[in-house]
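Each of the two complexes below includes subunit A, the first together with subunit B, the second together with subunit C.
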Partner chain A sequence: MKELSLNILDVAQNSISAGATRLDLTLTEGESGWLTVVIADNGRGMSPEFLAKVTDPFTTTRTTRKVGMGLALYLLAAEQTGGTLRMESTPGQGTTVTATFDRKHLDCPPLGDLAGTVALLIQGSPELEVHYRHTTPRGEAELSTEELKAVLGDDISLAEPEIFTWIQTYLSEQEAQLEGAVQER
Partner chain B sequence: MTVQDLATQLNLTPFHLEDGSRQVTGGGYCGDLLSWVMGKAPADGVWLTIMSNVNVAAVAALTDVACVILTESVTPDEPLLRKAQLQGINLLGSSLSTYQCAAALSRLS
Partner chain C sequence: MKSLEELRAIREKMKRQMDLRGPNEDHIRVVVGMATCGIAAGARPVMAAFLDEVEKRGLKNVTVSQTGCIGVCRLEPIVEVFVPGEEKVTYVKMKPDMVPAIVEQHLVNHNVVTDYTIGAAE
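Up next, the complex of A and B:
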């Protein structure tokens, strides 16, 4: 995948497929250029046996084909920068996927459209509680669907096109400020 | 043209030749970004790449290419070779660059 946001979207879809009701997406960038991406859910989790082989591309929960590339490509993307991918999972409690990337590495893909990714995730699963946080030395972008729902009430779905546009614009502005801060340095 | 014909004429190294009689009818594709190749490599074609990890076997199985050629003297790592054997994927190697190998392939077509 040409952008990390696409990998993140792909892996987050696994959480939704696993019946998660809460998803925490946390990106943390340090001064050193290392980025840590944590995708944590409260879905059905995996057995230790399945967890041990989950990054094998021939391991998948799909029934339509025998190949599942999401985590395999995510692992590859991390390792190509000298980073790592770690997975922890407890059946019945959830799964946490932690990947690290050296953003200074030539083979590190760009982050891509994080705002659009988060907006798509929320629109596609409006009942999912999403907590997004992107922390950098320059500042922070953050969004919580819990807070949005508290403001909007129960009658307005987060899948509404106007809400999608608002989330995308709101996060895009925050992300742009982080990038702007980079350019000003 | 069969995969065996291709291997002979381009002097390819057979890391794993499961079915040399398989016909190559889908042309070729050069690419290393696996998610991109997944949507582009033609079935029954030849895929040229410098990638040599286990995901190559998965993409080859998914796209149903006739064979994979690892170019630039790249050799498969152990997990890839094992998966190629398990999944019956024709996996070949060339000392040519991807460009040179594609050009030679084109002249055979």
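Up next, the complex of A and C:
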């Protein structure tokens, strides 16, 4: 994975596979350069036994093969910056994956295209309630599907290509402002 | 800057188009593999390129969707195209710049882009 936003897309896909109807994606960057990424869902959750081995690359829910790299790669990405990965899960209630990254660390991958990640998550699961918030000392980017559905009504799906393009551009503009502010420092 | 006001305008435009749309018998499906293998190999920009191209051309009979691991991780990003009445076509090692040709030649004109298929790669 070349960008953290790709890890986030991958881990969030697990929430969708777990039958979640709500996904909260929250990124918080502090003045110190530390970034906390929280991916929280209300999916079917994991048993304590499965949770204990879920970052093992040879653990997966798939029945067609025996490897599952997503969380293993995410753990690696966090730990190689000196950060951590913590998971809380309750069967029937959902899972919260919290990772921390030192963005000043040489081995921290770039955040990458967060707008593309969020837009594709929404496009791929138009019924899912997504709440995205990226807070930095320079400002904030935010989007919720509730807000979009209030404008679009029930008859226009969030999976439509026109809506995807709008979401992607809308968020890219917000994200670019956060990055622009970094370069000015 | 984009605003929710603009989204409202898109909604009105789409609703007018929906009223014009008749029953759709030639519905084409484009499915992009978006598991860890696909994402790591570059499926996200490929998916975005398909959505952009379909929107640009206003193709109302095409659905672009995501799936998990298609099964040949070393050939990711993989895209499957389902045209009713025709055999499924699997495109492999996809890059965003390959997308316009597939949309134009395959989705619009029903000519498979054989250079990009799994048959050509194997």
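Definition applied: the second predicted complex is superposed on the first by the 185 of 185 C-alpha atoms of A that agree within 3 Å, B and C clash if a C-alpha of one lies under 4 Å from a C-alpha of the other, contacts with A are read in each partner's own complex, and residues count from 1 in each chain.
Assume contacts are C-beta pairs under 8 Å (C-beta built on N, C-alpha and C of every residue); 3 or more make two chains touch, one makes a residue touch a chain.
Keep in mind that what you see is a predicted model, and the values were worked out from it rather than measured.
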For A:Phe58, select first, second, both or neither according to whether it touches subunit B, subunit C, the two together, or no partner. first
Kindly classify A:Met1 by the partners it touches after superposition: subunit B alone (first), subunit C alone (second), both, or neither? both
According to the contact criterion defined above, which of subunit B and subunit C contacts more residues of subunit A? C
With both complexes overlaid on chain A, does A:Met69 touch subunit B (first), subunit C (second), both or neither? both
Quick check on my understanding: which residues of subunit A belong to both its subunit B contact set and its subunit C contact set? 1, 6, 65, 69, 73
Subunit A touches which residues of subunit C in the complex? 1-2, 4, 6-8, 10-11, 14-15, 18, 34-37, 39-40, 44-45, 47-48, 51-52, 54-55, 63-66, 68-69, 71
Using the touch definition from the top, list the residues of subunit A that touch subunit B in their complex. 1-2, 6, 56-58, 65-67, 69, 72-73, 76
Subunit A residues touching subunit C - in the complex, by the definition given at the top: 1, 6, 9-10, 13, 17, 62, 64-65, 68-70, 73, 113, 116-117, 119-120, 123-124, 147-148, 151-153, 155-156, 159-166, 168-170, 173
In their shared complex, at which residues does subunit B touch subunit A? 33-36, 38, 53-55, 57-59, 61-62, 83, 87
